[in-house]
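In the two complexes below, subunit A is the common chain; its partner is subunit B in one and subunit C in the other.
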Partner chain A sequence: MNQFFATFLSAGFWYGVIRCATPILFGALAALMSRRCGVTNMAIEGIMMFGALVAVIGSALSQNVWIGLLCSIVIAVVISLGLTMFKIRMQADEIMSAIAINLFATGGTVFVLYMITGEKSNSSKLANPVLPRIDIPILKDIPFIGEVFSGQNILVYVAIAAVFVIYYLLFKTPLGLRIRSVGGNPNAAESVGVSVQKMQYIAMGISGVLSGLAGAFMSLAYMNMFTAGMTAGRGYIALAASNLGGAHPIGALLASLLFGLFDFLSNSMQQMGIAPELIQMTPYLATVILYSIYSYMKMTEKRRKNKKLAKGKAA
Partner chain B sequence: MTTKKVTEHSQDELRSQIMRIEFFFEFLRTVLSIVIALGIVLVIVAFITDDPLKAIQTLLMGPLKSVRVFGNVIELAIPLTFCGLAITVIFSSNRFNMAADGAFFVGGLAGACAALAVPDAPFMVKLFVGLSAGFGTGMIIGLIPALLNRFFGAWELITSLMMNYAYGFFVRYVLNRVIRNKDSISIESHPFNVDMGKLFTGTRIHYGLIIVLVLAVLVYVFMYKTRWGYALRVTGKSEKYATYSGIKTGIVILGAQVMGAAIAGLGGAVEMFGLYQTFRWTASQGYGFDGIIISTLARNNPLFVPISAFFLSYLRIGADVLNRSSDIPAELMSAIQAVIILLIAAKAFLSGYKQKAIVKQSQKFAAQGGEAE
Partner chain C sequence: MSETNYLELRKITKVYPNGVIANEDVNMVLQRGEIHALMGENGAGKTTLMKILFGIEQPTSGEIYLEGQKIEIHNPLDAISKKIGMVHQHFMMDENLTVTENVILGMEPTKGLSLDTKKAREMTMEIAKKYNFKITPDKRVMDLSVGQKQKVEILKALIRGAQLLILDEPTAVLTPQETEELFEQLKILRDEGHTIIFISHKLNEVKHICSRATVLRGGKSVGSHDLKDISLAELSKLMVGRDVVREIEKQKAKPGDAVLEVKNLKVLNDELVQVVNDVSFKLRKGEILGIVGVEGNGQRQLIDCVTGLESEYQGEILIDGKVCAHSNGVKQRRDAGLNHIPEDRLTYGVIANATLLENLISNTYDKKENNKGIFMDDKKNSDRVTDLISRFQIKTDSKHTLVRMLSGGNMQKVVAAREMSTDMSILVADQPTRGIDVGTESFIHDRLVEMRDKGVAVLLVSADINEVMELSDSLIVFYEGEITAYFPDASKVTEEELGLYMLGLKKMKDEEIAEVAK
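Here is the complex of A and B:
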């Protein structure tokens, strides 16, 4: 047990938590962007998977990691806008479309990987450059904090910046107000001259950029190659994190850190004598439990409000 | 008096004609989706091989090559039908509970474990215990997301998908640490000695085929000929309407998810006793997700589920044969599935033509009605 607490207090532990939280944070921001414009984006899992694969391919072919990153963002935006188009123009059910994209991602990425490398499990044959880690000048010399926050991958800092950018965009700009109004009440938004479709395309485009960053982080930073099924449900966890954070960027940051904690715990607790298979279940079970508790709180709050309303009317 | 009767009569006729047009267009949509999906795959194949004609021929005719290979098609269609039926029942309640995949996977494990627990029992007892274990496990797996939704308001789609990942590790735990045969080189359990027997010699088609076909009819009778089935379909179409008409929607929705997942769990156990001597699954077969495309293609009609399962299975085996004779991976199939689901899910696909046909029919009728008066 002492060992357990010692792990908790070490800087390396929290460094790992932040690293594990990053893809979930990108995904959660992507999920909240789509939710704010009135789309339930279940496809983040599949988009991340495609992004992760394309990032490695682009990075290996050009021998330039930034082009790899760009490729990932482009494919993610394309799929994200495609999903939006199917919802708006083809009136498709967004959940069924997302399921189709996710199924396609599982098989399609393996197909493309095999066609390019002749391997089905990973892209180790492709020699791709990876994203750099960055030391923060003054911060790195502060004892504990420096070890935790400095020397992280560049995308970790991009993710933290993205939280504030998305916050500013949603709550401080006219565009953000329009996006939120479309998600909150599309008819009201339409009646004051806001184009619902245009706002949904814009918000889903931004959501795509964030999903692409999440995918690229997986294959160019979290690991140094693509492996089949590597997102392992992080897209769904991100969706839960976005809900848990109340579809607010700061909330998403905190929720992602919580899920990152469980993810890293499942990596770091394996030497403690418990069967690794059981420990690996923890991020998923934690998601189910935390998400259920949150939903319960939300449900009771709604009921209380309804009761109040009913009382008010009666009086 | 008579004119009123005539108009009522002709209105009925118009209504039935519109229904016929709608049915025709739904059928057309399904067929066109399949054709377009196949077309896209053929284009992909044409681009990546030197001999596209041969590749396409192998993909489409490969399963007919021999009795054994065609047997593989039927053999794969069995678990696919189980999962298709499971998803059909679950999605009828308009809830996206993905427990079917976990239920099939853990159902297989439960069947094997139950049979291993009673090694000396007679064959029929073992079979019964094993299948019941699979069925029961499926019920529990379907119940968890359903209960979390009913009492906590958590969305089934997220909880069930997360639980599926967890089950994956759980099954690996049980296989590695509880039932693993330490004397074997490969990762597998001891043999559980329940062989359901083959239906046809020269193939691996087992008695599960009969079980699943009977089950398809039972599910059809349940959904379309009973009070509960009616309640389920009404609830799926509109929960509010169902509640106002006195249907206990909570129980109906819960029941559909439990029954659906139980069917998948039973399917896992049947698959285990039909094809395997030892438990050796280290990852989910993914049939639960294939169930989505099967039930989409079958348009939620249980009687069409075996047919669409056969269709998917045929393409899968075709892709397998192609995979063995060339360097095209069988994952090619995922493109077909995605396109079919997307096109059938897209309500606007062909809806313009349907609208035109209905308007035309109505106008024709209005003109005739005018003449009669």
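Here is the complex of A and C:
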């Protein structure tokens, strides 16, 4: 048990939590951008997967990690806009389209990987550069805090910046107001000449950029290669984080940290001799339990308050 | 063409892809600075015509002239640029945004990349002040009353420079006082040179505020008239093609024993604010008890509890002296003899994607007599439905038509037919005639009185104050979740007096109110 608490108090632990929270945070921001414009984007999982693969390929072929990152963003934007087009132009069901994209990603990424490397499990044959870690001057010299926050991958800082950029975009700019109005009541937006479709394409494009960053983080930062199925449900967890955070960037940040904590906990507790399978299911189990408790509390709020009211009147 | 015609619609025809002819050779001429009524029963094509004018729908044929120039309006943006604004029946606002945000949406002032919130608020206040609208710029729209929301909608059109305002049944949701206020505002707008199209089927209002009227019937225009030259009776004859007797004919009620009793009811709304505060009353056989009140004063929650749609409440509801269950309450109440014509027909009244037959049997299909073993008795159900369709004069091609294909008035008849055709002791009629035409309205009124005479207890809620006053035998007034007045004889109350209680300016003594629970 002491070992357990020692783990919690170590800087390394929190460093890891932030690292694990990053792809979820990117995904959650992508999810909330789409939700704010009125699209339920279930495809983040699949988009991340393609992004992760393409990032490695781009990075290996060009031997330039930035080109790899760019490739990931481009493919993610293309797929996001594709999903939007299916919904808007072809009137397809967005959930069905997203499931198709996710299943396509599961098989498609392995197929492409095999075509290029002859391997089906990972891209270790490709020698690709990875994204750099950054030491932050001054901050890195502060005990504990420096160890937690400094020396993280560059995308970790990008993710934190993205929270504020998305907040500013949604709540402080005309574009954000229009996107929110489209998600809130598309008829209202249309009636004052705001193009619903245009706003959805723009918001989904931004959502795509964030999904691409999430994918690239997985294969160029979290690990240094692509492995089959490496997103492992993070795209779905991101959706949950966005919902739990009330589709607000700050809420999404906090929810992502919570899920990141569970994710990293499963990694670190593995070293204490607990069955890895058991630990690996904790973040998902935690999602179900946390989300159930959250929903149940919301649902029963009325009943509890009603009871209190009755008691108050009787007294 | 003469200079005085501000807008002219010539031979507008609209045929929908499914073959429905909504408008046929409709003509309409507007002069600048007039309030012009567009009248007609439901399904007469008023809204379609206005959607064409606002660019939401494209006409199949016909021409539109604005100040003598032939114009084409492809979308609402086109309409706005031609200074045409529309206030829809169902408000076009994002309830999560503030008043200011809704007003300036699509024409936001900026400072650099950011939204200039200060400027936005100033713009909103400026236009509100110009036309003497009292608004709260930073409140969220969801916290506003219906009347206030409507003002925001009108402001939205005005700030975009609208010279022609189309108001689609603006008074349907307003109290008498709010209606008066709206009329004052419309007069100000008219005097400023704005032209207003006022869609309504309320004859009194039209006569009161409009100078001329164009009447549509069955998609065709049956003429424009100067309202000085035409009587209300003639106008209504034009609308429905027959004389409508507005007065509801009914005998004096002979109330029997109480069948429904509400005891010390307390309810919270979804925002957990207490909206029904210790309400008690009794409803007797053979009487129509009307509930009046401005929307949002707890009537909604009261009805939801009485009908069992809301299960979280304190207090007791008794039918025939038996306490009703909280959970799974709807079925239990229905079995105990309570039928319900719900307010919102599309949400609670009908299954839009099911057929007429399926809708009409949805409260009886599980009764033993309508089944043969484990199968439904198709013959019996079908015969019954055929009978209902003819008795309630539902206009449809067949009983297998999907309900969403019907007009609003016919949908309401489907609900009425279903809820009024089984044995019952209580009928809760919640806005039974909202948004339907005069013909259907009087038909439903007659049925309600007929049921009452058969000994059914009727609980009536309506936003149309004339309807409640004429139909009800006794009345209770709701204000801020409490009964503030009880009138045992509804015929002795005036509209003005009711208004005072509805707005909370007057309240009866507790003893007088307690009478209703005796």
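Brief remarks on what is shown
We take it that the second predicted complex is superposed on the first by the 296 of 315 C-alpha atoms of A that agree within 3 Å, B and C clash if a C-alpha of one lies under 4 Å from a C-alpha of the other, contacts with A are read in each partner's own complex, and residues count from 1 in each chain.
Basically, a contact is a pair of C-beta atoms (placed from the backbone, for glycine too) under 8 Å apart; a residue touches a chain by one contact, two chains touch by 3 or more.
Worth saying up front: this structure is predicted, and the values here are computed from it rather than measured.
Taking subunit B and subunit C in turn and counting the residues of subunit A each one touches, the greater count comes from B.
Looking at the shared chain after the overlay, A:124 reaches neither subunit B nor subunit C.
Once the two complexes are laid over each other on the shared chain, residue contacts for A:305 go to subunit C alone; subunit B is not touched.
With both structures placed on the common chain, the touch criterion links A:63 to neither subunit B nor subunit C. Of the two partner chains placed around the shared chain by superposition, subunit C is the only one that A:192 touches, whereas subunit B remains out of contact. Interface residues of subunit A, counted against subunit B in their complex, comprise 42, 86, 89-93, 95-97, 99-101, 103-104, 106-108, 110-111, 114-115, 118, 120, 232-233, 236-237, 239-240, 275, 277-278, 280-281, 284-285, 287-288, 291-293, 295-296, 298-299. The touching residues of subunit C, when paired with subunit A in their complex, are 75-77, 80, 86, 88, 91-97, 101-102, 105-108, 110, 113-115, 156, 160, 266, 268, 270, 272, 274, 278, 312-314.
Within the complex formed with subunit C, the subunit A residues making contact are 168, 172-174, 176-178, 180-181, 184-185, 187-194, 301-303, 305-306, 309-310, 313. Per the touch definition, subunit B reaches subunit A in the complex via residues 48, 96, 148, 151-155, 157-159, 161-163, 165-166, 169-170, 172-173, 176-177, 286, 289, 292-293, 296, 327, 329, 331-335, 337-339, 341-342, 345-349, 351.
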